[in-house]
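Presented below are the structures under discussion, each in the form of structure tokens.
Shared between the two complexes below is subunit A, which has subunit B as its partner in the first and subunit C in the second.
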Partner chain A sequence: MLRVRSHGRGGQGIKTASQIMGTAAFLSGYQSQDFPLYGAERRGAPIVAFTRVSQKTILERGPISLPDLLLIGDETLLEDPQAAPICGSDEQTVLFINSEKDPQILKGSFNLPSLPVTCGLTKLCLQYLNDGMVRSTALGAAGARLTGRISLEDLLESVEIELDVMGIAGQPLQSNLDLVREVFGALNPVTIKEREESALSPSKLMVLEQKEVQDAAPIITATRNMVQRKTGNWRIHRPEIDYEDCNNCMICYARCPEGVIEMDPEGKPVIDYDHCKGCMICAQECPKHSIKTLWEMDYELEPQ
Partner chain B sequence: MNSNLNKKRMLTGNKAAAWGARLAGIEYVPAFPITPQTEIVETLSQWFADGTLQGKFTNMDSEHSMFMAAGAAAATGVRVFTASSSQGILHGLESIYTVAGWRVPFVMVNVSRALATPITLEPDHNDVMATRDCGLIQLHAETCQEVLDFVLMGYKIAEHPLVSIPVLVNLDGFVLSFSREPVMIPDEKAALEFLPPFKPVQPVFRASQPMARASAVFGGGTYTYFRIQQDLAARQAETVFNETAREFAERFGRTYEPVERFHVDDAEVVFVMSNSFATKGKSAVLKLRKQGIKAGLLKLSMFRPFPGEAIANALAGCQKVAVIDQNLAPGMGGIIYPEIVTAMYDKKDRPKKILSVVGGLGGKDIKEDDFLSIVERLNDSESKRPLYLFDEGDWSQFQQLQKIALV
Partner chain C sequence: MIQIPSHYKKVTDLHPREEIAPGSALCAGCGGLEGLRLALKELGENVFISNAAGCFTLLSVYPFTPFRGSWLYTTMGAPVPAAQGVRDALDIQRDQGELTEEDDFQVMVVAGDGSSADMGLSPTSAAIHRNLDFIYFCYDNEAYGNTGFQLSGASPYGSRTQTTPVTKDHPAGAEMRKKDLFEIWKSQNPPYIATVSPREPIDLSNKFAKAKILKGPRLFICLSPCPPGWGFDPRDTHVIAKLAVDTGIFPLKEYVDGQVVHTRVPRKRIPVEKYLERQKRFRHLFVPKRQDEIIQKIQDGVDHYWEHYS
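Our next item is the complex of A and B:
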């Protein structure tokens, strides 16, 4: 059994990547299973998806806590304690990170259990699809290639099947297939050892005592505790106010759905970047176009 | 085209449900969205819109109206499908009791999701257990394949002249509803041969032919008559299920029984489970056997009618049984547990010990290690309480959240 866990953000096509791998493995004659995990989050929020590939019937369901292959589609997640993408991986886990950075530096900076395989998928996506946001085909192709179990032919067919479901055909499909060929050629299969089955050991079950109702019922007495949930790194795009041009009309302040634009004592709007999710409604609403849309990532490319 | 694709396709549990309904040639779908069910009605609405399905898809104002519309349409003699989950099925509960009493056949899918409060999106079985006594036939699916097959078989059972009762097919939210695995989609022609168009044997509503289906009765005797009839028909559904499963196996090669025995025959310890977590149980059984513990698993594929005799036969001679309920009736414990005990009570070779285990609530995983803990408890405990699968990790997670929640 090969267990693949893919991390990324809502909108990046992480679920689709897991499905491309699932279908490709299935076409290559394996049993496969794929499963995304998300709740009420939206674009930019950390997302995780799983793919299991096996020659035998798969007797597992739900999340993968100990992955054999870990695919990180967005390297900014490495710094997110809530996403904790490395969690559960060990020295046997093969790490893949969509990054331009030196693998040694990544390993040192993020205390990775092994030297990661890297490839700058975002740049390739920009090159082939003119979109650095959607990484489904690139990440799916990278994962499929690294397993060494899936042929290019089956992978291409899988991408056609999965993109067809989304109504992607014609030139956009061809561009995706070219991207797959490029990623497939850029990476080499890695050796993924089959994990030895560990013997079962009893769980540390607890006997709960009855508590008083204030501790027993779901009651929240703390106010303003939402600020503890930092959502700033959900941003793909970053709004930046041009204060030379801004006339403090307060429209951005009124329109921000997250309430993260405040008016400072001088009457200027100030964006709380710890919590701004980058929806860019402020930039859309600003009547003077004084709010610029920048990429959060290192790329010095203005979005189309 | 790859040869694997001709036979099977990667489908989520939700898509498998939609495919089951499509192959059944459904003619009417009243719908209302709810996570994690929405993908089913979304898929069907697409198929009605593009002409794949012929008939009517209606977005309703609530699940209460939705189930009433499903029953009313079934009473006109068309083939009806609908689906819901969790708070939605609870909101429709009054209508479900009502239309089940009308004795009209249709199929509904419930995608299990735990109930408020606290609210969540993740699965457990309290929602489907709330419909336990409504007078539905209930089939619980472990795999995406079973979802499709049970929907198709469900129509055959529901529409059988000796049954005429709505069938509910249950699948777990997230773990099955959003999981894709290879599913064999039966050929349309073969599906039609197995399940020909619906021909009601009872009077149905027709224009200019007045009739009523929901009379008021007083005094109790007449009421009791109709209720006992409902019970007799529901019990009959087990035989009809077996007949249907035989025909299904002949046509499609997949065999189903009201209960599935997994290494039960020589087992000293048997776990009783249902739905998708039974897969995890099967894996644990194989691992326990490697560790020298003769374990087995009994999966309930049919929950209503309750296949008591089949369960008793399967568990006869087994020393220890653990009933794993992914639901909780506060003040009582697991809901399936007493039903299993009842099935065994008058059997001479009944198990020495039947333990109630409550776990997998609100999306909480049941870990393979938990099964070893269950075996240990079966060996030594005399506790009258259920064994709750709650561990130190859950406790520390709760404590962290409580710190944020309280002043």
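Our next item is the complex of A and C:
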């Protein structure tokens, strides 16, 4: 059985990518299973999705902790301790990272277990879909191609099926199909060594103890400790204020839902990049257009 | 007639202190969060929040809180009974001299439209009946957003939700009209009701400034554009919020002293389709075929509403 795990952020189409792979594998004559896993967090927060592909009936359930193929749709996740996308992979795992960087540099910077396969999907999405995100189709196509088991025809049909459910038709669908062809052509299948299927054994039931409410209910006694959670790595775009042009009108400050734009003692707005989620409302709302939209990826850390 | 302060004139008047710390897991560009942020800027830190299950569950995730004040998490139907319990406890402490007026809390319910219009409506009605002294902040994103955008009592006619998909037999998606929570509350004649928009911080802040000196049940309905649920880029949250007001779909108004006053009347209402066409939840009204009849029905609803006021 081939086990594929996909990582990305809510809104990037990671769940749909796993569905595209699953459906494409099914159309190519395999048994398949796909499902996402995310907490209460939504857009921008790390999410993970799984696809199992096998010639036999798939009895295994639940998250994949030891993937054979690991797809990372957003390279900023590599340094996110909450997402920990590399977790559970070893030298045997084939790594795919949506990145324009040199695989050697990525391996060194992030201490990867093997040399990753890379492709700049974000740029391709921008080119085909006018969208600066990894879309489901691009990542799904990359995953399907790398397995070497799915034909382009089955992949295209799968994309049509999955996008139809989402109400995407006409020209947007054609653009997605063109994108799939491009990604399929840009990558070559890799040799993936599947792991042995271990026999399934039932685990013991855990009996939970009833505790007094003061012990059992979560109580937080600190105030405003939420600042310890950094949401800055959610960003795909980065707002940057052009202070030459800014007239300190405070519109960005008023409009920022997170309240991460502070007015400094001189009356200038300052963005807290540790927490800014990159919604880009400030850039949209700035009356003087003094806030630029930059790619977050240009700000990535340098190799060690 | 109650003398009510109205001291906000421009955005530079906004309180510089942030009551909600960043770092919460709410979606980037959440319109409801912007509404609550502005509200708490005016209300200050002595606020006790009783939070119904919903998107705003994510405000405080153990072991983190973004607030200076207290926050209590309740089920979807029970934020108001919880607020009643807390208010009663505070009142007892006040009576026994254990709590001074300065240290007392403003009890505030924070609930989504699902809780406000559906599950929590019956206990809310009972609390208004008992004249419970509390502020109710409803962040209205017009569906059950946190669970993946299912139909709620506040979902508008013609919108696509997870539970009202667009099919051949149901070309409009949601076929029910949005419940008018403002009118539901008004029928019980509470001291204050207002609708607010995150795009109008001055209007919003002035309304909270008025409400905070009143006693009894006070309602705020905050239109909360929802990037993932409504289907638009997070950067456009305020653009959508502005269009909701300019098209007349979301009237900004308040109810004080038994009178409804519109605080912002669009001079010339722009056609509703300008608001609808920017959101994926209404895309089926435009592609593959334009559904003039449904769009017109939405426009007629808005026109009918404003006939009384202009």
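Please note the rule applied: the second predicted complex is superposed on the first by the 273 of 304 C-alpha atoms of A that agree within 3 Å, B and C clash if a C-alpha of one lies under 4 Å from a C-alpha of the other, contacts with A are read in each partner's own complex, and residues count from 1 in each chain.
Methods note: contacts are C-beta pairs under 8 Å (C-beta built on N, C-alpha and C of every residue); 3 or more make two chains touch, one makes a residue touch a chain.
Predicted model, so just to flag it, every value in this text is computed and none were measured.
Engineer: Give one of first, second, both or neither to describe whether A:205 is in contact with subunit B, with subunit C, with both, or with none.
Structural biologist: It touches subunit B, and subunit C stays clear.
Engineer: Quick check for you: in the superposed arrangement, does A:218 touch first (subunit B), second (subunit C), both or neither?
Structural biologist: So A:218 meets both subunit B and subunit C here.
Engineer: After lining up the shared chain so the two structures overlap, which partner does A:193 touch, if you call subunit B first and subunit C second: first, second, both or neither?
Structural biologist: neither
Engineer: Where does A:285 make contact in the superposed view: on subunit B (first), on subunit C (second), on both, or on neither?
Structural biologist: Touch status of A:285: second partner only.
Engineer: According to the stated criteria, A:228 is in contact with first (subunit B), second (subunit C), both, or neither; which is it?
Structural biologist: So A:228 meets both subunit B and subunit C here.
Engineer: Regarding the shared-chain residue A:56, is it in contact with subunit B (first), subunit C (second), both, or neither?
Structural biologist: Neither partner.
Engineer: For A:258 in the superposed arrangement: first (subunit B), second (subunit C), both or neither?
Structural biologist: The answer is second: A:258 touches subunit C but not subunit B.
Engineer: What is the contact status of A:35 with respect to subunit B (first) and subunit C (second): first, second, both, or neither?
Structural biologist: first
Engineer: Share the list of subunit A residues that count as touching for subunit B in one structure and for subunit C in the other.
Structural biologist: The answer is residues 40, 218, 220, 222-223, 225, 228 of subunit A.
Engineer: For subunit A, which residues are in contact with subunit B within the complex?
Structural biologist: Residues in contact with subunit B: 19, 22-23, 26-27, 29, 31-37, 39-40, 58-63, 154, 157, 161, 197, 199-208, 215, 218-223, 225, 228.
Engineer: What residues on subunit A touch subunit C, complex-wise?
Structural biologist: 10-11, 40-45, 167, 169-170, 218, 220, 222-231, 234, 249-251, 253-260, 262-263, 272, 275, 277-281, 283-285
Engineer: For subunit B, which residues are in contact with subunit A within the complex?
Structural biologist: 1-2, 4-5, 8, 10, 117-118, 121, 174-176, 178-182, 276-277, 279-280, 282-284, 286-288, 290-291, 365, 367-373, 376, 387-395, 402, 404-407
Engineer: Give the list of subunit C residues in touch with subunit A in this complex.
Structural biologist: Spelled out, the residues of subunit C in touch with subunit A are 11-12, 14, 16, 18, 20-31, 33-34, 37-38, 57-58, 60-69, 146, 160, 166, 198, 201, 227-228, 233-239, 280, 283-284, 287-288.
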